[in-house]
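In the two assemblies presented below, chain A is common to both, partnered first by chain B and then by chain C.
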Partner chain A sequence: MSNLFDLLVAGLATGAIYALVAVGFTLLWQTSQTINFAQGEFVMLPAFLMLAAMHAGAPFWLAIILGILLSMLLLGLAFKMLLVDPMMRHGVLPLAIATMALAIGIKEAVKQFFSAEASPFPSIVPTGDVSILGHAVSLQSIGVLVLAILAVSGLTALLNRTSLGHQMQAAAQNPTVARIIGVPVERMILLTFLINAFLVALASLLITPIYLAKFTSGEVLGQAAFIAAIVGGFNQVRGAIAGGLLIGVLDNLAAAYVSTQYRAAVPMIILIAVILFRPQGLLGRAEERTV
Partner chain B sequence: MSAFAKPLKIALGLIVIAALIVIPMNFNRYGLFILSQWAVMAIAAMGLNLTLGYAGQVSLAQGAFVGIGAYAAAMMTTHGWPLPAAIVVAIALSFAVGWVLGYPALRVQHHYLAFVTLAFSTLAFLVFRNESWLTGGIYGISNIPRPHIFGIPTSKPLPFYYVCLGSLAIVSLAVWWLIRSPWGRAFMALRENPLRAQSLGVDTRRYTLMAFAIGSALGGVAGALYAPLTQYIDPVPFNLSLSLDLLMMVIVGGAGFFLGPFLGAMIAVLLPEWLRFTEGYYLMLYAIAVMGLLIWSPTGILGILDRYLAERRTKAASTLRAVAKSRLETVQ
Partner chain C sequence: MKSAILAGALLAFATATSVHAQAIKLADVAELSGGGATVGTNWKNGIDLAIEEINAKGGVLGRKLEVTHADSQSNPGVARAQVQKALDAEPYVLLGPGYSGSVKVTAPLAAEAGIAQIMGGEAAELTQAGNKFLFRTSFGQQSSMPKVANYIHDDMKAKSVAVVWVNNDFGRGGRDVVVKELDRLGSKVVADLSTEAGQADFAADVGKIKAANPDAVFVYLNEEESARILKELKRQGVTAPLMGETTLIGQKVIELAGDAANGARGHVGLTTDAPVDLIKTFRDKFAKKYNYVPDHNGLKGYLAVYMVKATTEKMGKVDSKAFADTLHGLTIKAADEPGILMDVTFSDTGDIDRQSFLVEVVEGKQVVKQVLPKVK
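This part shows the complex of A and B:
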């Protein structure tokens, strides 16, 4: 039983990170029909930006701020203006392919300009264990979970309770009508790109201490987030959160109880089942776009 | 113009074919390997172009079919079967699995279909890696023999390059015939407007499954050639990134154009090699080139040509109209 509890906590912690990445993925899809195949690399890069800042002599807290700002600039603003804007009106597929090329580019750039080796990354949560209900739980898992929940609830509050959030929802649901009633749709789309860049930078900060900073580390993560977004509901933020947590927990349980060889198969089978029997996702509604 | 265009096209085609036969004769081992790889990938991309470019069904599983074909060929030829028999089995196997994979396409479309096929691709990779009693697991299958064609051994790089090139030619002719047959038109009808196709009596169900099955079968052919080309296979080359690469080839070359896969495979296989002189930067430059190309022309390389030709035709037509009009005026 204690084993199960540990697995659940660890699963929720990774799941919370998947959720962060999946939420950003969903945001981009809803506002601009971007299927971002580079989302995993988007999570890998900020850790290296922060490491670079630290190598240049910045203290950890400053490196974090610089890393987040730089990723918002590169992965938010530049990504949108240079790649998404020119290609958006030409349909989903060419843009998706372009993001695949971008993923290769980011990976190779990190390998070339930084290192092909895995680098350790400092944790923002102190290491150690605390005892909960008689179980030793690592502070890192708790810290990750708490920070991810804070970020996601902050985002949900922004989307549902503020005028800005309502404008973003309007821009996603019906850009034409939103434009007519005076919503600055372009600016709202840009905002979702910046939010995505912020979320991936945060995810990077949380996950890299656990798995080390390596140029290939985005591959697995990107795919997990991708699956989480679809399983939960491609067109709903809360679906992406649920999907992320579900995939995180299932992945850990599958490794323990199914087989380590086929642990990766479990999310895939769920993905196929969900798409075939409930294509709108577990929490989504059929072909409706809400943020 | 049009009377002149056809012989010109044929002449150009013959020159390219002759060049592909003659020029590699004094290539070194590595150059021939890369060129053979181009031919193999062009076959797989042609299959995906049928599924995606002509029939409009997104598939992220073509790499898995290359894997299925490669493992079928590797297992059979190492047990003494001749390669042609292995190719037939690879075709049958990929066709059958592709047919089954087509069923989700009857239910979901576009990006959802892409995700289902992506999941299939990952599952296939796991089977290649984990079922070591069948596939040799991570150790793979080594010492895959190259065939004797009409009694001529092809174990040297040049003869085997001709095997790949010859297979590419046969597949190209078959695909050329297919897309000009009523089937090809049915595929395109499926892509352009499935509802109208159905109302005109096209059995969309059957053609959707066929589009998947035939496209996948060509992936199997490519795999059956890939195994003797590398003479050693393990699961790694057949992971998801091969499927993504093949998709990239089709889109970059120009989806729905007959020559698209040839150009796309050239970009994906040869361009990184040409850029090797830049050492560590070559894949980065390749990625930038692909992005730049897609920004410039989202319909791929042949999209550029197509637009240019369409423009010229419109211009020519408007000149003719102007001439006709002025003549009419002078008569009056």
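This part shows the complex of A and C:
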């Protein structure tokens, strides 16, 4: 029982990070029909930007700020203007393929300019345990979970309770009508790219102390988050959150109770089942588009 | 004037060709990217350092050494292709790879070509297949694991042990020997956990270890995965003593795992913290050249080149076909060849006999607790 509790906490912490990344997937899809197959690499890169800032002499807190700002510039603004906008007019598939190429490019560039070897990365959360219901739970797991929940709650509040969020929803649901009623659709789309860049930078900050900074570390994350987004519902932020948490927990339970070798197969099996029996995802709605 | 320039150019070309022809060509295939990048990079740097030293002193039998490096991407399939390509260039000796799985699939190619292969793999089975051209730079598992099991049973007094291993040739080989030895000694294996190469998340595995509540944990993973599991063991508050091999307490692991590596113990055939003057000198030279302290793979690469030098000088000629026969049964003394760092004897199977060390990580540094002598 104690083992199950530990596994659930660890799974939720990992799942919360998957959720952050999966939310980014859904945001980009909803507003610009971008399926970003470089999303995993988007999580990997900010850690290296922060490491570069630290190597240049910046303290950790400043490196975090610089890393997030640079990520928003490169993975938000530059990504949209230099890749998404020119490719968009050619359709969804060429754009998806272009993001695959971008993933390879980011990986190779990090390998070339930093190292092919893993690097340590400091944790924003101190090590240590706290007792919850008689179980020792690591502060790191709790910290990851809390920060991820705060980020997602903030995003949900922004989307549902502010004028800006309503404009983003309008731009996603029907850009033509949104333009007619005066919503700056292009600016709203750019905003979702910047939000996605912020979310992946936050995910990078939380996961890299555990996974280590390595040019390949985005592969696992990108795949897990993609599956989470589809399982939860590609057209719903809440679906991506649920999908992320579900995949994180199931991955841990599968590793513990099924087999480490087949752990990667369990999310895939769920993915296939969802595609077959509920293609809109667990919390998604058929043919609805909203953020 | 034109003819003078032409004559000069021809002379320069002829000289360059002559120097090239005289050089002894070595081919290295190593894990320069992928999961084994730490292994391969250290190995490569060790090779380059040794070659630079040897060439600065006039080379081997008056001939310079040259090496080509190829990247196996830590993938046995790529390693096989790279080794085939390297062998097509007819090197004097093949160096690498470092991963046992890659050695396993490339060794038949080198043997077929009649080229000696000096590698970094440690899986027990590698030198048990009758290959007459394969040589180790470090202990095979059949030599090191009994020492590990003895230490867990006798010194750690562990009656129950969790064994965590990576599911590849290296990990499986070590796991098989250590489990057998622990069983023989009477220590019960209460958790036998296989993990995947490149695995990032060890939360579930550590959860299983916690549930098994062992007296000691034996960790046998590659370097990066070792660092990740050490961090996770600390995160989940596992306090059982940790024992492993070189891959648990290497410099790179300590750098990656930070505080989480403290207290981990391991049997190491090679360590740059060994109380051996020649190794200390090597460590200083390496750190000066590359700005970091190497792990045991840096030592392995360095030793591989000095094995080539000592064997060739023993033969008195550069003869790739006779190389393997000469190295079998050869004892190289550090007093005669300082680059070999410690006295070493090679068996007829290509295994080595050399002194080894029991190490503990204390405040981020390897501290040698015991020196285990050469067996023969």
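Just so it is clear, the second predicted complex is superposed on the first by the 291 of 291 C-alpha atoms of A that agree within 3 Å, B and C clash if a C-alpha of one lies under 4 Å from a C-alpha of the other, contacts with A are read in each partner's own complex, and residues count from 1 in each chain.
The definition used in the following text is that a residue touches a chain if its C-beta (ideal position, glycine included) is under 8 Å from a C-beta of that chain, and two chains touch if they have at least 3 such contacts.
Just so it is clear, the structure is predicted and the values come from calculations on it, not from any experiment.
Participant: Would you check which partner chain A:Q261 touches, where first means chain B only, second means chain C only, and both and neither mean what they say?
Facilitator: Both chain B and chain C are touched by A:Q261.
Participant: Considering only touches as defined above, state whether A:I210 meets chain B (first), chain C (second), both or neither.
Facilitator: The second partner, chain C, only.
Participant: Looking at A:A118 after the superposition, I want to know if it touches chain B, chain C, both of them or none. Which is it: first, second, both, neither?
Facilitator: In the superposition, A:A118 touches chain C alone.
Participant: Just chain B (first), just chain C (second), both, or neither: which does A:T127 touch?
Facilitator: The answer is second: A:T127 touches chain C but not chain B.
Participant: Can A:M100 be said to touch chain B (first), chain C (second), both, or neither?
Facilitator: In the superposed model, A:M100 contacts chain B only, not chain C.
Participant: Applying the document's definition of touch, where does A:N160 land relative to chain B and chain C: first, second, both, or neither?
Facilitator: After superposition on chain A, A:N160 lies in contact with neither partner.
Participant: In the overlaid three-chain picture, which partner chain does A:Q140 touch, first (chain B) or second (chain C), both, or neither?
Facilitator: In the superposed model, A:Q140 contacts chain C only, not chain B.
Participant: Can you pull the chain A residues that chain B and chain C both touch?
Facilitator: The overlap between the chain B and chain C interfaces on chain A comprises residues 111, 261.
Participant: List the residues on chain C that touch chain A in their complex, please.
Facilitator: Those in contact with chain A are residues 32-35, 37-38, 41, 167, 193-196, 198-201, 203-205, 207-208, 210-211, 224, 227-228, 231-232, 234-237, 252, 255-259.
Participant: Would you pull the chain B residues touching chain A in the complex into a rising list?
Facilitator: Where chain B meets chain A, its residues are 58, 104, 107-108, 110-112, 115-116, 119-120, 122-123, 126, 129-130, 240, 244, 247-248, 251-252, 255, 280-281, 283-284, 286-288, 290-291, 294-295, 298-299.
Participant: Give the list of chain A residues in touch with chain C in this complex.
Facilitator: 2-3, 6-7, 10-11, 14, 111, 115-120, 127, 129, 136, 138, 140-141, 209-212, 214, 216-217, 220, 251-256, 260-261, 263
Participant: Which residues of chain A touch chain B in their complex?
Facilitator: The touching residues are 35, 37, 83, 86-87, 90-95, 97-98, 100-102, 104-105, 108-109, 111-112, 223, 226-227, 230, 234, 261-262, 264-265, 268-269, 271-272, 275-276, 279.
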